[in-house]
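Contents: one structure, followed by commentary.
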Amino acid sequence: MADVNLNVGGTIFQTTAQTLTKFPDTKLGSLKKNFSMDNSPTTFFFDRNPDVFNSILDLYRTGELHFPSYFCGATIRNELKFWQIDKTYVSECCLESLYRYDDEMGILSEIKSLQERKVLDIPEDECREGCPRDFLWRLLQYPETSRKASVFSVVYLFMVLLSTSILFISTDPDLRQPIGSTENATSSNDKTLMYTHTSVPTSIWIIDISCGIFFTLEFFIRVMVTPQRWRHFFCCPLNVVDVIVITAFWMFNCMVHVGPVFLHRKTFSFLVMILASARLLQLCRFYRFMCRFSSFDVINLAARASVGKFGILIALFTLSNLFFGYLIYYVEFDQRDSFNNAFVGFWWAVVTMTTVGYGDIVPTFFLGRVVAMLCALTGILILAMPIAIVTSNFTLYYAKLKQYTMHRKESKQKENCKKKEKKKKKNLCKTVSPISVLSVKPIR
Amino acid sequence: MADVNLNVGGTIFQTTAQTLTKFPDTKLGSLKKNFSMDNSPTTFFFDRNPDVFNSILDLYRTGELHFPSYFCGATIRNELKFWQIDKTYVSECCLESLYRYDDEMGILSEIKSLQERKVLDIPEDECREGCPRDFLWRLLQYPETSRKASVFSVVYLFMVLLSTSILFISTDPDLRQPIGSTENATSSNDKTLMYTHTSVPTSIWIIDISCGIFFTLEFFIRVMVTPQRWRHFFCCPLNVVDVIVITAFWMFNCMVHVGPVFLHRKTFSFLVMILASARLLQLCRFYRFMCRFSSFDVINLAARASVGKFGILIALFTLSNLFFGYLIYYVEFDQRDSFNNAFVGFWWAVVTMTTVGYGDIVPTFFLGRVVAMLCALTGILILAMPIAIVTSNFTLYYAKLKQYTMHRKESKQKENCKKKEKKKKKNLCKTVSPISVLSVKPIR
Amino acid sequence: MADVNLNVGGTIFQTTAQTLTKFPDTKLGSLKKNFSMDNSPTTFFFDRNPDVFNSILDLYRTGELHFPSYFCGATIRNELKFWQIDKTYVSECCLESLYRYDDEMGILSEIKSLQERKVLDIPEDECREGCPRDFLWRLLQYPETSRKASVFSVVYLFMVLLSTSILFISTDPDLRQPIGSTENATSSNDKTLMYTHTSVPTSIWIIDISCGIFFTLEFFIRVMVTPQRWRHFFCCPLNVVDVIVITAFWMFNCMVHVGPVFLHRKTFSFLVMILASARLLQLCRFYRFMCRFSSFDVINLAARASVGKFGILIALFTLSNLFFGYLIYYVEFDQRDSFNNAFVGFWWAVVTMTTVGYGDIVPTFFLGRVVAMLCALTGILILAMPIAIVTSNFTLYYAKLKQYTMHRKESKQKENCKKKEKKKKKNLCKTVSPISVLSVKPIR
Amino acid sequence: MADVNLNVGGTIFQTTAQTLTKFPDTKLGSLKKNFSMDNSPTTFFFDRNPDVFNSILDLYRTGELHFPSYFCGATIRNELKFWQIDKTYVSECCLESLYRYDDEMGILSEIKSLQERKVLDIPEDECREGCPRDFLWRLLQYPETSRKASVFSVVYLFMVLLSTSILFISTDPDLRQPIGSTENATSSNDKTLMYTHTSVPTSIWIIDISCGIFFTLEFFIRVMVTPQRWRHFFCCPLNVVDVIVITAFWMFNCMVHVGPVFLHRKTFSFLVMILASARLLQLCRFYRFMCRFSSFDVINLAARASVGKFGILIALFTLSNLFFGYLIYYVEFDQRDSFNNAFVGFWWAVVTMTTVGYGDIVPTFFLGRVVAMLCALTGILILAMPIAIVTSNFTLYYAKLKQYTMHRKESKQKENCKKKEKKKKKNLCKTVSPISVLSVKPIR
């Protein structure tokens, strides 16, 4: 016989007192002392969602707490808190919506923090219009703030493209011109000889130096006018890269002109390698332009979220490479001209597992080919896992960023509209309400 | 104590006046003035869905607006509008169903616009039966309209296949016959020599010219009989391609016969390259046939939806290529016979990142191989993202197109049935209704 | 004012008469004539699901028919039928669950038809125990029916493995022995010479012939004892393959011994190719063994479901191959030693688009490498689509087959239990029911 | 006319007696005998979830049992059991949530058993503090238990890295030093000669032997102090591997020094191959370190769950390889210098189907290239299936492990909090409850 009536937000739930006392620590369990003494059912009123309460009451009826999968994690948490039920009562099969909510909130907070970092970092009240320092800072760093700034940003992009092109063009032996009388160097394939005996044509050299001066100036101006402390300024990775690239640029240019005379051939070749590689970091200058596209934010966030999970997969991939690389060395033990040492085996395993398959080293013995087959299949399966991580993160962040962007846009529109329509609305409400809202006499 | 009764579509919700006044701007908040003065609860009736109202009321109870994930975005919008609640109140974790609805509507409208474009573009009332102009237009463009038109379309497809085959066959040096007495040309590998000293056999040449005449005629007839303005006609990409292909065809044929005599060898070779590549655009003629299959529509739509998102990924892919290409050039600095310039490095990076791995250029130094390993892994992960985009778009559009097609088919069937069964139904209804619909006395 | 009460399965829905008359063709719309004349609300009782009715009533309230996504398509159909609402009223955004149901039913019926085909095809009542014909048929075809049959099936599998091994071993030139005195043949690479001047060792030849005799006998016995009509028997693809393989086996053996003497070298080589390829069809004999694993059923079904969608993708892949193959031929026009004709270009395009990248033909010119880059990227994206189809079909059929298998197993267990527990249950019911089912006095 | 009232947890469901008697075996069907004799409706009270009951009642109304997709499988099972309805009544289209529950429970139990295995296996009460045996066992096996143990584990990891490095370094012919006076051996490519005539430098040899002694000692100590029975100890695969690696290590070292003198060249080379491969198993020692990361658990579980489904796919892959390998042999029958036997064809098919594409063997004939195209496409599609399995298992286990870990962490936190707050809570409850729980007079 039902002897407890629970009126939850208007819906009547009936159950027995015996059922409710199963979990005495919870709010419903503690109702006991309020029960009426006679047999007539007592009614309690709670101003809560009756839909969720159904699942809550099931805990008392069946001893298990299951939630329909459609509830948002926040709703479940709110209700559990209200009914003083521990989260640990939730059945293990229904944890998904509870914790998916945490994930989604985490993603949204990441997106928000990324969006906020793009906003101008000069406090609005400090930003004096006439001050040339602030003007320059905004000109160099925030292309959205003024017309001049966006023109500068286009010029900057052009210079980046130009200097990157020259970086590539200057490696072409056909374009380079011999220094002095040594004409025979160009024909050979030795790159150190090429660098010591030839130089880029004067026209290209002038453009290169101009680019270098432009970036050096731009960087020094930025250092001078930054409103940040220098300690903070030089903590930003992009600025550190700028320092390295500019230093490398000038050292490289000195090197190429002075080096061959003073330095030993080996040292020269080594220094050219290091400095040229350092100059390559100028590709990071593209990063600032890509950041303006929200698609790049998605890639950025997806990459960051994935990196944490990659560690163990890279370890596994490397272990498999070691395994197959060492195995193929001994399996192809009797074969000449292949796999001279286990490092070659490792290289072969990498090439095979990524399915690149250059074909520079190939097993020729029957057993070696069986190892190769296993190696390729293992590689395909191991690499399927990081691909799955990247893919799912990318899809997830893409969907969330899209929703967030649309929501923020609508919020802004509404805010603007509100101010205008505030007066109208109040008048409208009075006339609209009588049509659809009908007050009836209370049923009892 | 519950002091407000809300009768929403028959379901009673009870709450306190205090709760409702939390958001005074909304419809429920503005009920305040209608409350009865005495303590007896007032009841308001709203002719709305009680199921959604539960979530709406939760906004007043908990201050957060969460929706179960099963509601269609349109339902939520309708209810939010009715209850005068701003979309910005919706919790960030429940935006998904709200905005997924926009996406789905966008997809459906794309599908619809694609379907409509396939329908005959002559207004039905203007389409006179006897008019030879309209007859020809429909014959050439709309194979579904008549038996003759579908026969013509098969002939057209055959001619397209034929001319494409000849395009390929005519490049085979073994088939070509020497012009005049120069017999030694065929054996060499120089393609310019081949084009100047040999020609295709007469039989193939006749078929090729016939195809050319057929397509030229077909195009001119289409131009003459088109009901569209010429300005619109020549805006359609397929017609522009037709102009290019026909021009290239005749110029190519003149070239091959006259060129070797009048033109310099280099110019001739360059012109042959350009014109032959232009002729290749005739593959676009297959497009019209593929458009008839709904699977191709899916590919088409998925490709269009994906292209927008590809921009940044292609930029990222190119940047990575530049990075690894330049890096490998300097890392393999001391190695002879590999990576002569940074462009070769770029080419190697492309081949490695797509896992094609031709093996024409391979790093041989230890560090170079480490760079190669990183390059291959980076490539696999970067390319996983466009694959994810294409895959998910393809799956999405496929599902939607299928649903839409089935729904439209059923709609048409029903429309036809309706006209027939209209009379019967009315009679049936009168007799059927008493069985299952039972009028009872009002409960109170 | 609410003036119509709808009691749907116990839940009261209230609405206005005006709302219901919006769609007069439907069951609710036709209630009009039953309304009571006075102002007191009329109540109608329907013995239906109140949960779904909420959505139905929304059609009258808002003019749009949306369904929560959790309803099974069958439920929606049942309710729409009962309420006499046309399926075409369903909003386009809520079609998914409606049509997903059709898909799932389609998949289930495919699974069922596949399962049924595996069951013994002799009608149970015709299957006489003593009859040697039926005994042999079941021995040869249904390994599950008896112990002897399963032993035979293992023997058969062993013979299939043996004959396949010999197929491969007999191509090894090192194993083959010269016929007569021509000792110099083995060293050359010409396979026709190898077949005319050498033969397999006698031991292998005996095993091969034994296998051939075994399969020939097995097939003839099967033909003799089959309970099917011969017309049906020879329509089954597996039996046709058996005929081809057995014919090819004996002809091949004759050929190899008699051929070199009587036939011209070219004809002999051609016939060997054809017959050897026909013998290869014996791999189909593995099919029968793989069919016993339910995982193979999944692959089977997924492949069948995918094939229909592949047509257009193969066309697209081929078109892209033609495009890039022809383009690379002309782009690399001035390069010697590469891309001798457009067919070579086509082959290169295939190798590049599938990312196999043998490296036998590689573009060397700058533009050619750009084409190669585009070709590889296009290939990766086009091939992502069939992979998506196969992947999603595989996952779908796998999940469904698993569910179906588990459900059928449980159904069988229950059937067996039912017979035993029938008596007990009735007794139990009487004693159990009073505990949890409590009859109360009617509320009114 | 509704003549049965069912009060399920407070919600009233009305239906007809006729409806309920459709399934007399079930609880509702057996209510019949309790119906009141007069026409007034009888009311039955059940203390169950009214939401699920709606679907249950639909079985009686429509004859089909469909469940909304949001119900957890456990909820459905509980209700079906209570209402005495057979699981076989559930419609085939709604089986998903029913059986997905089983899967999820299976996954959770796998995760749990994996977590438990990591916990210390000495019973807590047997673990005497002072006992040196237990101390050593925990030192060697459970790095979490003490500071000394974690220091030992770092030393162990260092030794594993060291001995693996030496394994690779010792294969480099440039590092090895000639034994005795045979100086000409190093230059040749023959590895057996290298092993017989050269040895690793003394410094590396000393480090290698030290590592060997360390691992041998560590193993013997572990054997001595293990609290497990030896029978159990040597059943653990990791311990068996340790035995093999240690044995192989010492035998290999004897071999290399003594072998060349006593053994035949072939035997020596064979033994070196076997023993060196056995030493490779020391990579398993990394396994223990990777097990500490929960990401590795995911890979581990996903791999185990996938292996079962791989069998048939590997069979299919091998069959396709056999098919294409044999086919290409005969298709390229007339081509010299390619595909000398069908095994080479098999190797080519593997390389092509995995899209590795070394390019060591390439078809050159037109038909052979068509076979290659089909082979590559078949390979891509077949391999898409295991990738799909691995991907989905990995994603699934990852999500579940994350949920489980978060849930367990919260459970532990709550447990700790509970003990502290027990007293406070009781006092709080008394004061909190009157605010939101309001007892009202019963409605009637």
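A few points about this structure:
Think of it as A, B, C and D in the order they're written, each chain with its own count starting at 1.
Criterion: contacts are C-beta pairs under 8 Å (C-beta built on N, C-alpha and C of every residue); 3 or more make two chains touch, one makes a residue touch a chain.
The structure presented is a predicted model; accordingly, all values stated were derived computationally and were not measured.
Counting only chains that touch, the fewest steps needed to get from chain A to chain C is 1. Looking at which of B-D and A-D shares more C-beta pairs in contact, the answer is the pair A-D. Fitting chain C to chain D on CA positions gives a rotation angle of 90°, reported to the nearest 5.
Chain A and chain B touch with mostly distinct residues; of the residue numbers seen at this interface, under half occur in both copies. The mean-CA centres of chain A and chain D are about 28 angstrom from one another, to the nearest whole unit.
The mean-CA centres of chain B and chain D are about 39 angstrom from one another, to the nearest whole unit. Residue positions of chain A with contacts to 2 or more other chains are 1-2, 7, 11, 45, 47, 68-70, 343, 355-359, 387, 438, 440. Considering their complex, residues 7, 9-11, 45, 47-51, 68-75, 78, 101, 104-105, 108, 164, 167-168, 171-173, 189-192, 269, 272-273, 276-277, 280, 283, 286, 290, 293, 295-296, 299, 302, 343, 347, 350-351, 354-360, 383, 386-387, 390-391, 394-395, 398-399, 402-404, 406-407, 410-411, 414, 425, 429, 433, 436-443 of chain C touch chain D.
Contact residues on chain C toward chain B in their complex (touch as defined above): 1-2, 5-7, 11-16, 19, 25, 27, 30-31, 34, 36, 40-47, 54-55, 57-58, 61-62, 64, 66-70, 82, 84, 86-88, 90-96, 98-99, 102, 309, 311-313, 315-316, 319, 322-323, 326-327, 329-331, 333-334, 336-337, 340-343, 346, 352, 355-359, 362, 366, 369, 372-373, 376-377, 380-381, 384-385, 387-388, 392.
Interface residues of chain C, counted against chain A in their complex, comprise 1-2, 70, 355-359, 438, 440.
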